[in-house]
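Okay, got some structures for you below.
Next come two complexes, and both contain chain A; in the first it sits with chain B, in the second with chain C.
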Partner chain A sequence: MRAPASQSLLRVEHLGVGLRQRQRRQKRQHTIRAVEDVSLTVNAGEIVGIVGESGCGKSLTALSVMGLLPAAMELVGGSIVFENERLDQLRERNLNAIRGNRLTMIFQEPMSSLNPLMRIGRQLAEPLVLHGVSTAGAIRERVLEAMGKVGLRDPETLLRAYPHQLSGGMLQRVMIAAAIVCRPRLIIADEPTTALDVTTQAQILRLLRQINQTDQTSILFISHDLGVINQICDQVLVMYAGRIVERGTVGNVLWHPVHEYTKGLIKSIPTRRSKGAPLPSIRGRVPALAEEKAGCAFAPRCPAAHSQCFLEVPDELALSDFHQVNCFLADVESEMEYVRI
Partner chain B sequence: MLFIVKRLLLSFVTLALVSLLTFAAFAILPGDPARVMLGQDASADQVAALRTQLGLDRPLPLRYLSWLGGFFGGDAGTSIKYDLPVNDMLADYIPVTLALAVLSLVLVVLIALPTALLAARFSGSWIDRLVSALATVGISTPGFFLGVLFVWLFGLTLRFFIAGRYVAWESDPTGFFAYLFWPALAIAIPCAGMAAKYLRDSITQQLESDYIRTAYSRGSSRGRALRVHALKNALVPALTMMGMIVADIFAGSIVIESVFSVPGIGRLLVSSITSRDFPMTQTLVMYIAVVVIVANTLVDVAIKALDSRVRLS
Partner chain C sequence: MSRRWGLEAKIGAVLVAAVMALSVLSLVYTPHPVYEMVSGARDLAPSLTHPFGTDSFGRDQLSRIMVGGRYTILVALVTVFGSALIGSAIGLTIGYFSGALDTAVMRLVDALSAFPGILLALIFVAVLPASSLTIVIALLILFIPGFTRIMRSSMLTWRNLDFVNTALVMGAGHFRIITRHIFPNLLPVLLSALIIGLSNAILAEATLSFLGLGIQPPTPSWGRMLAEAQSHLFSAPWCAVAPGLMIILTVLGFHFLGEGIRKRYC
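Coming up: the complex of A and B.
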């Protein structure tokens, strides 16, 4: 049965991303996968988070949706549906009509993500120019409106400035302004605050939340910080070594984690009470791309792993409508306990 | 402002060094201009008489200093070989070489820019490999060989131009440029190969950067991202090379002018070195150095105009 079109804005199913094969003769089974069997849904007006350690495939998942995978990577199966269109099957020209218009992206590094030789004004106007707003007056009005929304003051000076004249926080605001100037339905934000200092981080998060609430813009928010996810997301997906290991509403996943990896991540969030104490992190490290991964990829680091974990990849288990986990150790009953509470 | 003062000072030092080097070269070179002019049959007395007449009996350092004083005073002395004021002669020869150099430079840009753009746009494809192969051939072919080849192929065989019959600007401006086209092309091809390769690499490198990904994320097509975003960023380092190319073009014209019988300063330089014409050689070298310095200054100003982050220093 298909969900009504109005509900799911973005639906990714069984997405796989692998290293591009140089030789045709090599068989598909031997493709090195960086992302495997990732499914996710973003509904209208929702903020969905993806969390996981560095290198677990968060950025590649996001870039797949945008059709902007690095040259060394390619899609290997799966489907990406945005507003009832198969993005993974669109021609580049049709994709260009969507990118920057209804679907936009904000990157981690605001400093290098803007053209150093182009004035801020032109860079803010670019999405409008590319998506059919042609009169100078209309462009100006929309740019000023977007700048107002992201709290950029003194627009006249700013429009004429070059990126190197602005701070990181300002540049990220500019990036966000360019991302919302065409009033998109979905913004993909890939660690938008990681390169910024703490105060600026909080401001940018507040700004994104505000954009989500006033314009009903959905956000796919990527972070390695569960604390940040907790602040702004409705749903969260926990990724490990290219796969989703746990997913659900933020309340379920963060307050009643089932997967040992999620529990480890939560323990690693520094709290006010734990200040000064050594950070309890998960022992071991993320496996490298090329490493053979039989069974659950987390098993070697899992404190509760048993023999089955090393042999088979666990399927997704629905603990409730709002909480799914990929782990042999979880059972439905344990979840039911707190659901009944 | 300070930039201009510094730049002028630096240019002055460069010019002084260039003139000293030429002087040193002359001090080392064996050969006597009077002997060259009179030929091997002349008697020692005749040679001595001409030497006195030309002022060659004074020691070279003295002649250098008097020439140096004259050059900066606007009188570069008298040519030993032609017995005419050097500056008057150069007034006829310099415009020809400048026209040849400008034509060569235009050809370099006209060849290098589109090929580099094409190669970068389709980087990794057969087009890219073809451009790269052609550029390598262009770079490694000496300009004089191209000159001789052109004279034989386009001049003597295909008769696109009459080899050796230079057309003066005064008699036929169109014919002048039509004739200069071939030597200019011979000079331009090695430089264009270098420029195309460098610009292509510069553009492909820019195409990998984050702001290009941002451009795509906003709906920009590949062609537009290249033209609007990558090109300008790639031109900044490529422009620096333009300064070097101007020097290369002058070096190339010295030989090519002889091959095509173009009466420019290149040919004049060769003949004045052969006849040990000290004032003429010194002056020519100085003027070429001035042109190269001016070209490099213009390049720096152009870079500054493109990239406001650049500090001129």
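Coming up: the complex of A and C.
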């Protein structure tokens, strides 16, 4: 597939998310940023992954798109366009017409993401009820269809069950069924398999892939597991300390990483060959939100950092149409691959 | 949280049911006409014809207690359900949205609860004419802060749970999330608060009627009967025992029931 003329479904540009300022006297430039200058595009039918260590702003990026930032956080710039609509400027009511309908989200903890007092049937019907499917017959038909798609057997019993009666894997299937019941264009999945065991995880990944292929549903897939990203995604964005440091197709970024951070992440994946040897890890730690960040946030941990890295934030450098990196060390000339992998 | 109903809840349920049954029965049957004064039957000690004796006007105490229970319970029900409705609406809203409104309302609630309840009720009764309606309004306002506080704090614990985000992601509005998604989970808390509220309301109504500020004569009321019995405490002690016992049993019944519900669900 060579650069399809696909239309961008979601386009986020220069997104910033900061800690909400309590005192109005404090000046804007002191805003503590958790996400800074994040741009990303999800095309129709594509699975885009976001990967990065805990606390690097993956969830906040996703929640900004949904318009569901926690109360302590606020958007501090940028734009979010979904199907030609500026989500960041939409009123709550109009946003509600989109959420759950054309744009939806799946969370990490299936156990707590369902209402303990509501039967599965009602929770699956809720998006339909909210988006104008009113007759009981039509709702039932759509709910059963969604349950079939996610491979939930014995729907009759399940519809009457309460969440505590189901296993984590089944609950995650229910969550996915609730997400696709209105046939959305884009699903944001925030670490949907982190809380599940390995076997269930593989099943859920297969399921998401299948939904993506049969319904052309785009997925923004958040994970801190590069293996998972490699399995399921077309594109990947690597985030570090609130910024995107490297992006491109999975083949380019994961198999030919340029940024030292990405390289470190990949090296720290245990493999069969590294058996017995100590697992390499990236030295240092993620900087805290409030820490003063001059220059590249990764510089203090970077094995190859030079003086410029501590002074300026690197701009995005396009190695090719399929691979961009934010790093002063990257050199276009020395880059061998210009093809999409 | 326990699986079965405790002894507390069972005793409470029996007591409440007995008092309710007596009061409801008074609608169709009382042993003697309530308002009938028999001059030859004053201050009679308890006997088979008058199980709780008669008062100084020769009125049958049992009949008066039955009818009085009706008013007492009616007043308690109306005030408690009224204040639960208003208090819940306020508490759920400020708890869900938090922010400046929450702070402002909670300070008001604090101020209101800092007043001794009886003083507040006295102020109302002094301003408005003494009647059953006044006492209902006074108690209603008196009980709103309690419900506001309980529903707000429960809301605070529930609204940050993941399933609220799921509902938001499905496109549910805030009103729907409060009423359909969160509120059902708070029902056990509300129910136990309601029932304990009923016992408080019965006590408060008795107190106000005792002070002559509540239900007006000749309508019988337990508090009022106690007050009237005061002057004959030594010649006709049964006049005080009967309403006193009823108040104790009813309050105890509701209290046990409320505690039982709380232990079972919360």
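We take it that the second predicted complex is superposed on the first by the 326 of 341 C-alpha atoms of A that agree within 3 Å, B and C clash if a C-alpha of one lies under 4 Å from a C-alpha of the other, contacts with A are read in each partner's own complex, and residues count from 1 in each chain.
By definition in this document, a contact is a pair of C-beta atoms (placed from the backbone, for glycine too) under 8 Å apart; a residue touches a chain by one contact, two chains touch by 3 or more.
Bear in mind the structure is a predicted one, so any value in this text is a computation, not a measurement.
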Query = Putting chain B and chain C onto chain A via the overlay, clash or fit?
reply = clash
Request  = Please indicate which partner A:294 is in contact with in the superposed arrangement: first for chain B, second for chain C, both, or neither.
outcome  = neither
Request  = Identify the partner contact of A:107: answer first if only chain B is touched, second if only chain C is, both if each is, neither if none is.
outcome  = both
Query = Touching A:66, do we find chain B (first), chain C (second), both, or neither?
reply = both
Ask   = Which partner does A:138 reach: the first (chain B), the second (chain C), both, or neither?
value = neither
Ask   = Once the shared chain is lined up, is A:318 touching chain B (first), chain C (second), both, or neither of them?
value = neither
Task = Using the touch definition from the top, say if A:162 reaches chain B (first), chain C (second), both or neither.
result = first
Message = Give me the intersection of chain A's contacts with chain B and its contacts with chain C, in residue numbers.
response = 66, 68, 92-93, 96-101, 104-105, 107, 109, 112-118, 126-127, 130-131, 175, 178
Message = Quick check on the complex: what are the chain C residues that touch chain A?
response = 98, 161-163, 165-174, 176, 181, 184-185
Note = Per the touch rule above, chain A residues touching chain B in the complex are 66, 68, 92-93, 96-101, 104-105, 107, 109, 112-118, 126-127, 130-131, 162, 164, 175, 178
Key: In the complex with chain C, residue positions of chain A that touch it   = 66, 68, 71, 92-93, 96-101, 104-105, 107, 109, 112-118, 123, 126-127, 130-131, 175, 178
Partner chain A, residues of chain B touching it in the complex = 209-211, 213-222, 224, 229, 232-233, 236, 306-309
